[in-house]
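Two complexes come next, and they have one chain in common, chain A, joined by chain B in the first and chain C in the second.
What follows is the complex of A and B.
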């Protein structure tokens, strides 16, 4: 593949630009020059050495690096960081101790930030394709030309009265305010996300059960027993570092950590006990534990009678079918172990909690698995308690206290069949709409929704989506996608199939208002601010969108009255004491009067709240007023033991072990949804597996996240390869040795509830084997953070070192030392079938049946 | 004068590599060589295997074989005990590299000298912690004055059983470990450098 310049750049690049802010002006050189002097004077800080040398050149007398608080975005956890900057160059990143979530801690990805900022292969100038789409032939254009063409295309679609034909595909979006503002002002509902590839099943399960939140925040720091089903918090959880630091503090206080997982993740290895399970049986294990807890009376019966919408005896009756013996048979975990762990968990109550994630929920039965796991907490009465299973109503900052600056556009009235994804009853049933990401490109191919323009934003769908080859086919097809604008930091499989590429500023060069689910159970608000100015001509969407809105016109521009992002954020942060200036200085603010969100359901309703309220005599539910849209009465609480309390924010105002709501949603979608947590065996796993048939699972390594961490030479140096992990005993049976080549052929599930679920062969990849004791004998595990074909030499293990127009040659002396050139790195997503959980739509990442064959 | 040392508590190391990346960044360590890495060691058989995470770096030995081996006196011990290489005096004879039982010394491709962890003497002399210690999210690394009984490291050393990497070498390391699972002797691929032989090639 070539990415040659078809014509000279239209704008004259700064002739010194590449070397001034690339790796060429290296701190290494400066350090080397300063090293002898440093030793001679008994040690001088590296920063000071750098400064002094720069001082000699520039005459600048600033001796200290400036510390600029901001927020990380190497993964979704968004930890508070401090950028140490001298003479316009980011020297290092450390944690921001004022961040209540991460408390000054960062991981390897966070520390590696400078290697992304100064990546020699970064895209720095707008590009327009000049050859066939996907030919890799580009012309550097000006922002003026890019704006003009994009605005013209988008204006035409909007003027035709078909705003839904403009689709916006985001990957990880931490600028939700400005994205929604732009799309709503435009009027398109075709706002596609990736939640179904992330956490949809688990969110739906939690929202069904407690209503108030779709995200649990176990109070790990105060817990004595943490029961983990398939969460890899030590490497990749959405709350990665905030969870990990609390887990380790709990460990220091003697807490016990127990993990069920198909593969020995670092989390499994760090646990006091790890039990290897067959994929998709986590929910059955949880139900068997429920069986033990109920049968042996280890439950908190009083709590259940008070707060469960389903009586304890009925629960006992329901879980009677899920015996530990049955769970052993299906999961492989001994019944005696399940019994012991259940007893230990219950004995630690209420200072015990579950945690679960992709290992339990990224399955065809993921919703039910997490329903069962969540129920365990209700059984032992730890919900909302100190050291127990907790949650917070806000997954970001308090948007009532810090609202979006007016004027805020209304939500679109146009409809998007793809975003609504009505076949999946719970995908959009709750406040946080989840959608069904894995069907987007299939449905575009099937012509279910016409797309006239696609904008991809921080989303490498052509590499990271299930059946990525299908996505590439759609993106390649100019009839299906007549116009594609890609906004990203690095050249990717997706930008390779764009018509215009806009070089996005990294998280270290841009602004955001942001916050994450608070692991400390008190919400907060943070600021992401540029620690250095954007390199080259890269820009953030906060600059791009207002400009496009002005050029598209038609009233859109009215929603972008601010001259600059600073002006907008100045207004946004006005409710914070000290305002924007304080945010710039501290990076974060937390209301000191707020208390941790323990047991919100027990809060008594005030006399004022009860004034004018009505009570349902049968249920005790207290109503007040009517919903402005539906006219239905609004529940505000429930009378428990004669006292009017807030209750849970479910239809019953109690913990919904039994949910009529989901049954009704199922009926509306023509699918049966069970009201109780059940074990639903994975249809395509219910057979004898021949020796060469295995279940393929995926996983993420701690130094990687999405496509952009592979830009980092330091992270790639630690992990750049993804051989297939195979249990030694399995390999012995097949005559496969360590390092042998194998062919992995995947099958679609034979499952009528899954699109294209006909059991047919999907695809084949060739890779090599790493033997391990740390994986289930029926599993072949392949890391999915690998297999890039473009994006620079570091990301692709040397495959792609083509220069991009406007860059000049990539300048980094380390390029000559890329020692992992040619190491194996395969794209797993190409053979991963589109496989949504029929209830909530979350992708089943760990259920693919494959056949393996030794080759070569 | 303090006598600096480091304690690494393997109870709370999560193997995240923040330390080694921070070190890369602090010194712009060239690709291919490391001053600090985290060893992963798998141990035990299915269904009860485990994996150990063991950060390793120069041990700044009291009886440093590298210092004794250097014919050009390029390796010196600072008054605080940190063992450092003065690049100007190094002629890359590699004796130090051969002498170090920990494989902590590498050949810097840019300077053409021997190089290694300095315990961040440029930072510790300013009262700061080494970069790896600052970066550790779980505070499993404690750095400080071994001679100050009130220091955190001295306190933690008193409260825990500690060990060192390769005690049989009798180098008196000043990097100590709390190693409840006895993981240190299991390190197979010697040295602070990454095991490049583990890579499988694509062709």
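What follows is the complex of A and C.
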């Protein structure tokens, strides 16, 4: 029956206004139509009811809940959790006390896991687009059809000898073993991640300085003084819970927490002192502190002379230009405060540490900011010490002790221009590939690399990427992206632009071997296991990829010899005492013989290590063997005070305050990279700011991550709005009151080192203002995990009620409790320019110049 | 026709509608079902109650694909227009909420379970199709043996506690939102059947 067909006289099925008066059928019609129904339904597969019960049906509807250890993935921190399950249903989530990182704690996002698992808007069946891409018309297909079509497409690309034309775009990926196995077996290097939107500048700065790791793990619990440059550890840090619990214990023991941040975050509120800084000046403040520490001799000169590759006096000479007065002028933090904090920090050494993150590194000068902050630790000699600035070489589990099961495919030999991102000298210079995520879709649009098939995995690029509208344009264009498969849990702006959607199992329904940088400085390994079976027809990539590999063939299938994921993990966990069974019971294992990773550089080399080694008389660097690829001798240590020690894993085997390596990398990319930590003012901020021009910063709300949590009714109820935070003094000058509507217009940076950096107008959004003293007068701060246009009434604050009438007021009484209906929720990403730091490629989230105007 | 005969015919008609509705809300229309619906030579007003006027210019495969897309839009999503689960209509935070537990408990008490085909998009016992199939089952059982009070109670419980609290809204939504296929027609038919499905009494049953 078509909607525009004439209504039958005996029934008027037009319930407009809720009236069903015209629906009533006569008894005669009912009998007639019922007979028709009997004919139609006979033998065509209606649901039958049987009294033959299944074996596992006990009739007991309230058995004891079983506790299943696993790992959270509501954010990337991967805390240990316990799923409490009864009758096959997850009742609640608590923390797993055996997890050495999170130690039984979980945050609000972690507790809200069930609301995602059982979300009514989850995608639970493979879908294929019907009609135009982006039209929103779908039909269910079987997995068989989905596999067939995807494998046929991918096989054709591979058989053509162009594996790089298959691009894989991941968001948060906690299944890196299976993803790499699949992509390497296929042979594509076009493996795009989001690291440049996350932490690339900071990682490059740390890797430059110490070599061994790109992630610092301050020993907060044993620290007496923590100097925080823009890490929002209480709300959104990559190590959120593991850091937060240790910080709070430190505070209880009397440690002092000092935070520099443009906004009064919850972390700032939990600190002893908060200083409001102008965006992009954190590095200058750190350099000014270095100036004080060096000038006043507060440094650990002996340590520096031993372990710094740049002499203390030369450092003093270098930082002389960065006076506290200059830092005050640029950052707004009083010189006397900078001096005081520098003295306090040095006085607490070595039981003091810095922590930094997006507040300092998500800038156009983020790499240098974090170089300067990292150097502060070297100056006071706290590196690797108990209570000091520490690190661990492993960002996950010990892959030597627990290696990937063979056969493991080699890395691809094909090249990807986009993945290599050679314009950014440090984007791919270190072990963990950082790449430059924000230019992927721009470069596809510019035709720099042909893409024949794109697979997006847990990545909502069309909503969460800078210049998201540009991403949407590229994904919409079938010439640029001829085939797009989206693997995700929720419908999103990105899946809306896919050709095939594969319903992904949530983290509560799937397997992983996983671990995070160990905040306790001893590595561990964890198991993510299904606490309930996958709902509907959702599947994990651990099931999808082997099947695709078998169908693509051409040798790929050889890398997936295991019949099941359990079988694969059984083999993977064999080196763990008790193996897979133990992992299933405990969820986590840590080698009890391992000690915290304190001062690894001071470890003496053994006689066996020194056997056959040679020493450079001038530098004391000890070499043994040669690199198989380059033929260069391999450094294994350094002689210090007559003793052969392991040293730092930098070219000089010392802390590299001065780095020739980065200079050379810069030259190769045609960019100048300074060997020392410097303050490089942000070019587009070097101007007069009229009253209505501000710097727009972004931040995450504490109960949301960047992609998946807005669909959670529980979390949205807690936080669902992102008005623009504006300083009262600024608002007064512009005649703007609390709650007023404003229009925010963003500009690209006027900066030749940035793609499209012509200073042109980029985009506009309208929002309301919340006045506060808790933000810098030159800043307008907007949370960037908001502003969804699809995903259900809760994700959109009721905006798409019309599109989801099943959740209309009449149908869902809970919507009466959607008291935040219509609350402001604006997509900041649409007006954030593509803005990579020219050195490491990290996105400058906090540097966008905007103009605001009161409207309405 | 005797009143008993009439009541028996009505029961047959009603259970057939319940089963057809259960089938239509659980899975796409496939070629056999489409063929059977077409084959029923019945008019309702100006057209067939379940099948759009045949369009000779369109392939059956294309028609089936359009109906599959319509099924997807209405009941599967992304963002289904008419979520077919009671939990969604009762404002439960999660699918498979208290309404699903209650239907599960009813099934356990009566020692029955639904046989769900792998092609059925049915995840929870509070799916409309499971509830309708249960209703058909218990109505037939109650009619077959008037002494079986448990089945009568199950019919009453299903209607009063599980189906009617949300079926009106659901069916209105289906009829309003459906653009093609059998969904508008089955919504109207089912509404009449549910309205008529009072607890069987001696006078209304054979």
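Here are a few things to note about the model shown:
We take it that the second predicted complex is superposed on the first by the 776 of 856 C-alpha atoms of A that agree within 3 Å, B and C clash if a C-alpha of one lies under 4 Å from a C-alpha of the other, contacts with A are read in each partner's own complex, and residues count from 1 in each chain.
The criterion applied here is as follows: a residue touches a chain if its C-beta (ideal position, glycine included) is under 8 Å from a C-beta of that chain, and two chains touch if they have at least 3 such contacts.
Not measured: the values here are computed from a predicted model.
Applying the stated contact rule after C-alpha superposition, one finds that A:728 touches chain B and leaves chain C untouched.
In the superposition on chain A, contact of A:617 is made with neither chain B nor chain C. With both structures placed on the common chain, the touch criterion links A:774 to chain B but leaves chain C unconnected. Of the two partner chains, chain C is the only one touched by A:118; chain B is not. By the touch criterion defined above, A:714 reaches both chain B and chain C.
Contacts of A:563 after superposition: neither chain B nor chain C is touched. In the superposed pair of complexes, A:825 makes contact with chain B only, with no contact to chain C. A simple residue count on chain A separates chain B from chain C, and the partner touching more is C.
Contact with neither chain B nor chain C is seen for A:855 once the two complexes are overlaid on the shared chain. Of the two partner chains placed around the shared chain by superposition, chain C is the only one that A:130 touches, whereas chain B remains out of contact. Across the superposed pair, chain B and chain C both touch chain A at residues 27, 29, 31-32, 35-36, 38-39, 42-46, 49, 114-115, 713-714, 813-814, 817. Per the touch definition, chain A reaches chain B in the complex via residues 26-29, 31-32, 35-36, 38-39, 42-46, 49, 92-95, 102, 105-108, 110-112, 114-115, 234-235, 241, 244-245, 248, 251-252, 264, 266, 269-270, 274-276, 702-703, 713-715, 717-718, 721, 723, 727-729, 739, 768, 770, 772-774, 777, 797, 813-814, 817-820, 822-825.
Every residue of chain A that touches chain C in the complex is listed here, in rising order: 1-3, 5-11, 13-16, 18, 20, 23-25, 27, 29-54, 57, 59, 61, 87, 89, 114-115, 117-121, 123-125, 127, 130-131, 136-140, 491, 495-496, 501, 535-536, 713-714, 790-792, 800, 803-808, 810-817. Interface residues of chain C, counted against chain A in their complex, comprise 9-10, 12-14, 16-17, 19-20, 22-23, 26-28, 30, 32-33, 36-37, 39-40, 42, 44-53, 65-66, 68-69, 71-73, 76-83, 85, 87-97, 101, 104-105, 108, 111-117, 119-123, 129-130, 133-134, 136-137, 166, 168-170, 172-173, 175-185, 187-189, 191-193, 195-196. Those residues of chain B whose C-beta lies close enough to touch chain A in the complex are 11-12, 14-18, 20-22, 24-28, 30-32, 42, 44-47, 49-53, 78, 84, 86-88, 109-111, 121-126, 128, 131, 134-135, 137-138, 140, 194, 196, 199-203.
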